[in-house]
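For reference, chains read A, B, C and D in written order, and residue numbers begin at 1 within each chain.
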Amino acid sequence: MNKYYSWLILAALIIVVAILPKPLVISPTASVIVTILLGIALVWVLVLTIRGHLIGRRVVFLFIGASLTLPFFMNFEMPIKVSPEVKILYDALAKLPPGSKVLAAFDYDPPSAPELQPQADAFMAYAFKHDLKVIIMGLWPQGPQQANMSIDKVLQYPEIRAKNPKYGVDYVNLGFQSGNEFVIQRMGSSFRGMFPRDIYNTDYDKIPLLNGVENFSNIDFVFNLSSGYPGTVEWVQIAVDRYGVKVGAGNTAVQAPSVYPYLSSRKLTGLAGGMSGAWQFEQATQQPGKASTYVLPQTFSHTVVIAFIIIGNAALMVSYRRSKRGEA
Amino acid sequence: MDGAVISTWLAALLTLGIMSFVYKDNLYYKICEAIFIGISAGYWFITYFWDSLYRIAWIGVVHEGRYVLLGGVVLGAMMLMRLFGKIGWIARWPLAFIVGATAGLKMMVYFTTNAMAQIHGTVDDTMVAFGGGDLYDLIGRLVILIGTVTGLIYFYFSKEHKGLFGGVAKVGTWFLMITFGASFGYTVMSRMSLLLGRIEFLLTDWLKLVK
Amino acid sequence: MLALLRIAKSIVFISSLLFVISILPTHSVYSRDTSPSSSDLGPITVRAFDTDNDAGGSITVEWDDPGYERLSGFAGFLVWRTNTLTGTSDSVEVTPFGTRTYDDRSVSDDSTYSYSVAALVNGERLMSTPSMQVRSSKQWFDGRLTWVLILGLIICGAVIYFIESAKRGTKLFLRRIAGLEAIDEAVGRATEMGRPILFVAGIQDMDDVQTIAGLTILGSIARTVAEYDTKINMPVRASLVMTAARETIKHAYVTAGRPDAYNDDMVHYVTDEQFGFVAAVDGIMVRERPAACFFLGAFFAESLIMAETGNSIGAIQVAGTAMPAQLPFFVAACDYTLIGEELFAASAYLSGEPRQLGSLKGADVGKAIAMIVILVGVIATTIASAWNSESMLWIENLLRQMFSTG
Amino acid sequence: MKREIPLIITFVAGVAFVLQYFIPHYPFNRFENIFSDWFAIVGAFAIWLGALSLMKLCLLNISKKSHDWPISLLIIISFLSIVIAGAIDGFHGLNSVPATSFRDPGTNFDWFYQNVYTPLSSTMFAILAFFVASASYRAFRARNTAATLLLVSAFFVMIGRVPLGDYLSGWLPERMQFSQWANWLMAFPNTAGQRAVMIGIALGTVSTSLRIILGIERSHLEG
């Protein structure tokens, strides 16, 4: 009997998915109702638990699945508070006049892409929109490829397509250079020495954007996306400490705490940390992107986990009270 | 149907198969698991073959004349003697070499990077604390000092955890628990992002329910 | 002929360099003083010496800047090398601003060299007088590691001392570890229930000490398993671990007097892929329903997937790892967890062999030293900063020097 | 003799690799590289043993017609298909000019990697999210002091990292907001605990390594 049930549910699901409109978006009112229903369901689980019916792990899984899936269809905006460290980053970028030259160092590889790619997209979109000239490089071999993926994506945005940024004039990708922090150090005397050719093998001197770009003194801002070594720490220690250029960074959530000290000593001009840093950056630059679609599911799933911790503790309290009553 | 559609469907079906495990073990999962084991074992088999056997050993010895690599080949061959019952015991030699070298190598690496560097870090942190800084930092650095020392006392095996010593060791376990709680809480969010990525793939690329 | 070619190359190189320098913009990130003229400045003094603590092939060049860097047309220092055996000269490097040393790694131990440094100002080269002749050499000891060696010898000496004294029969006290009784308990329960034991020695290969520690615990467990005739299932992620684990279990069965009951398939390779391995282990857990699961070794993100699946089938779970990032998950999901060092200590405890236990005593000496150093360091700093005590400052600096690892 | 030789090998290798740490002189400076090359080569030989063990168990299942024998057959088929693809791609790459790799985009081997291997491994990694939730539901209960501390610190770090925490504590001065609590917990108590664990691990590694080098710990070498 049980077997048939699961097949029936599966069949029903397939039919529902097939007849659903694509893309599926539910109205703000309906979204609020779904959220409230989810909340009521959690309260119901709490009540059940207090009454002594412990729920199984599958119920937890169901709630996690629902809290990660449903928000994708919801059409209401979660107000996002931009943290001070992202605000500093945004302010520094906003101060740059059009035509400013920004060095973007992509120091990460695909495993960190879920967290850093949205930041990269938001940064590239912002730069193109505000006519900042972007010079891309990587201390990690796969960094420049990640940059290209981001550019390909951003160029699809209508407003940016209208601006039609040109390679070599509005942006350039210098590629990867091995040597870790020594690359930064030697860029202090000459960019050309470290990157004689760009990623497409064009000579440094034949690229219009790089005309007159000799070292850090010709760069207005450095934006570093980093997930480890070499990365933000090295950029701060060399580019900021020795050459006095401003550096802002986007980091993975795991790495962010290790660069907080630089933020408080004002060596680092702004920091976007992990997924939340990404959506705050999108919020600050007012261009919702991939990270912003993750805000709701992330918040929902987090709330659900916290709710279940509370439910678990409620169950514990109840069992305490029971055992005490038993003793008396 | 073009290649991209087939790829998406294949990836989606495999994704669902693995996910079905959290409900319960079932035939669908078993099939995905079997494919996973077979494909990944084969992947590494081939990778080892080309990257180690061919690129390091063959190219190294035959084309670059690095005869020192023959030592590795000899050890590897001894390893394969396992397959021939009688002289299988010779496989212990390469094992003995690897275990010995690992012990020597890791002993020094851990001693410097884990023990010495961390002791240095603790002393350094607390030195800064008493040199200045605000209350927030001062308390924090005192906590580092107390936490590290009591934590070490917890790991001290030569004395029974009784009396004052036991009390201090207990504080050590508290610090360990706070540490574990914090790192656990810290990873929850990034783990959710991973699942979010797969769900987004299913909803967007496969079902096209989300734009 | 070759020398001529080299000289020609050098000329081409230098002239192209000079061309580049001549088109360099004249401003820099550093604020400049009111430009003194280059003729006011004294000569650059250059010293060259063999780079210490290395495998040869490297010479360090150092120079003093009498003030060229503050000149407005300054573009960098050019390091110029002359091979005094062949008489050839070439430029090695133009160093960035603020640099006063250069490590030349392109020298041969068989030649002698002399170096000069030129300040590049407005396209001119203001050359220093050459340094003394110098030859690079290999060293037999890395002087930076002196303190590592001393402290290492103290701790290793302590370990060996206690091993020896245990061998001679000295009674050594060691407190018990909570997780260890759980191991016997878990094996006992599996035997009672007639269900198998699952053992995972981490997902690293034999080049990780944690894997070896896991295998040594396996040795003790396998002995009990062999005696009680419990079934053991051990999937592995690396083939070398498979070979080593087979030796370990086989030895346990032989010791228990039941070599015939041993079977190679108790230990079986699955796949080298981290999550493929997890998929298989999860499958084994839900299908074979082991009564006890042991996770002892190096683990990564898969730790919680396995521990939660094990929990869902109601197995007794004992975990142990020295991966700090994974400990929280094992602590949360397993019945007992050997935390960090306890993993390494466990095998010594389980063997019950006095010599093994002695080695733990030695490690305790290390911990005592660590605690004393931390406390002395803190007290010394406090006193040094509060009362300006010279001797305390000396202690503080000594400790810093001792424990700085490069 | 059968027993002594491996112990001698272990001892010599162990001592040699401790010495190489301190000696920059040739040939000691090459030891680490040589070891990693040798290790890779031995691993490449050893994986034949592993693969054969996997195949043997599967064939055993099939020949015994045990419950899941078609699954075992599927393992063999998938294994062989990618191995054959990788072998053909590899040999093809050797002969083509310029030489290509079996991993290059567009090869059959890469097709398996992109469309089968990657979705499977990333999904297996992703279901960790479910287990994180169920583990926190079960484990984070205030049963005793230790468990309560675990719960409380996890709770603050979690809530400090989502917008929710900022809303709940937004009215407080900046230093007292949840995100600051989370940062403080990560920066100080967490560092302290990690340090104690790491120093312990280092000393445990030293004593275990010494036991191995001195031949006291040798269960992996006796069969």
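Worth a mention:
In this text, a residue touches a chain if its C-beta (ideal position, glycine included) is under 8 Å from a C-beta of that chain, and two chains touch if they have at least 3 such contacts.
What you are looking at is a predicted structure, and each value in this text was computed from that prediction instead of being measured.
Listed by label, the chains that touch chain A and also chain B are C, D.
Which two chains touch most often is answered by the contact tally, and the pair is B-D. Distance from chain D peaks, on a Cα-centroid basis, for A. Work out the mean CA point of chain A and of chain D, and you get 26 Å between them. Annotation: 31 Å between the Cα-based centres of chain A and chain C.
Distance between chain centres (mean CA atoms), chain C to chain D: 17 Å. Our note on geometry: chain B versus chain D, Cα centroid distance of 3 Å, whole angstroms.
For chain D, residues touching at least two other chains, in rising order: 21, 39, 42-43, 46-51, 54, 117, 120-121, 124-125, 127-130, 132, 134, 136, 138, 140, 150-151, 154-155, 158, 161-162, 186-187, 194, 197-201, 203, 205-206, 208-210, 212, 220-221, 223.
Contact of a single residue of chain C with at least two other chains is seen at positions 148, 152, 155, 207, 209, 212, 240, 243-244, 247, 269-273, 275-276, 279, 324, 327-329, 331-332, 339-342, 345, 360, 363, 366-367, 370. With touch defined as above, residues shared between interfaces to two or more other chains in chain B number as follows: 18, 21-22, 30, 32-33, 36-37, 39-41, 43-44, 79, 82, 92, 95, 98-99, 101, 103, 106-108, 110-111, 113, 115, 119, 122, 145, 148-149, 152, 155, 176-177, 179-181, 183-184, 186-189, 192, 194-197.
Taken as a graph of touching chains, this assembly is fully connected, with contact between every pair of chains. Residues 2, 5-7, 9-18, 20-21, 30, 32, 34-35, 37-52, 54, 68, 71-72, 74-83, 86-87, 90, 101-102, 109, 112-130, 132, 136, 140, 145-147, 149-158, 161-162, 175, 182, 184-203, 205-206, 208-210, 212-213, 220-221, 223 of chain D are the ones that touch chain B when the two sit in their complex. Contact residues of chain C toward chain B in the complex are 148, 151-152, 155, 172-175, 177, 206-209, 212, 240, 243-244, 247, 269-273, 275-276, 279-280, 282-283, 286-287, 324-325, 327-329, 331-332, 339-342, 345, 360-361, 363-364, 366-368, 370-371, 373-375, 377-378, 381-382, 385-386, 396, 399-400, 403-405. By the touch criterion stated above, chain A contacts chain B in their complex at residues 17, 20, 22-24, 58, 61, 64-65, 68-69, 72-73, 114-115, 253-254, 274-276, 294, 297-298, 301-302, 305. Those residues of chain A lying in contact with chain C across their complex are 57, 185-186, 188-190, 192-193, 212, 214-218, 242-245. Residues 57, 60-61, 63-65, 68, 78-81, 83-84, 253, 257, 260, 276, 295, 298-299, 301-306, 308-309, 311-313, 315-316 of chain A touch chain D in their complex.
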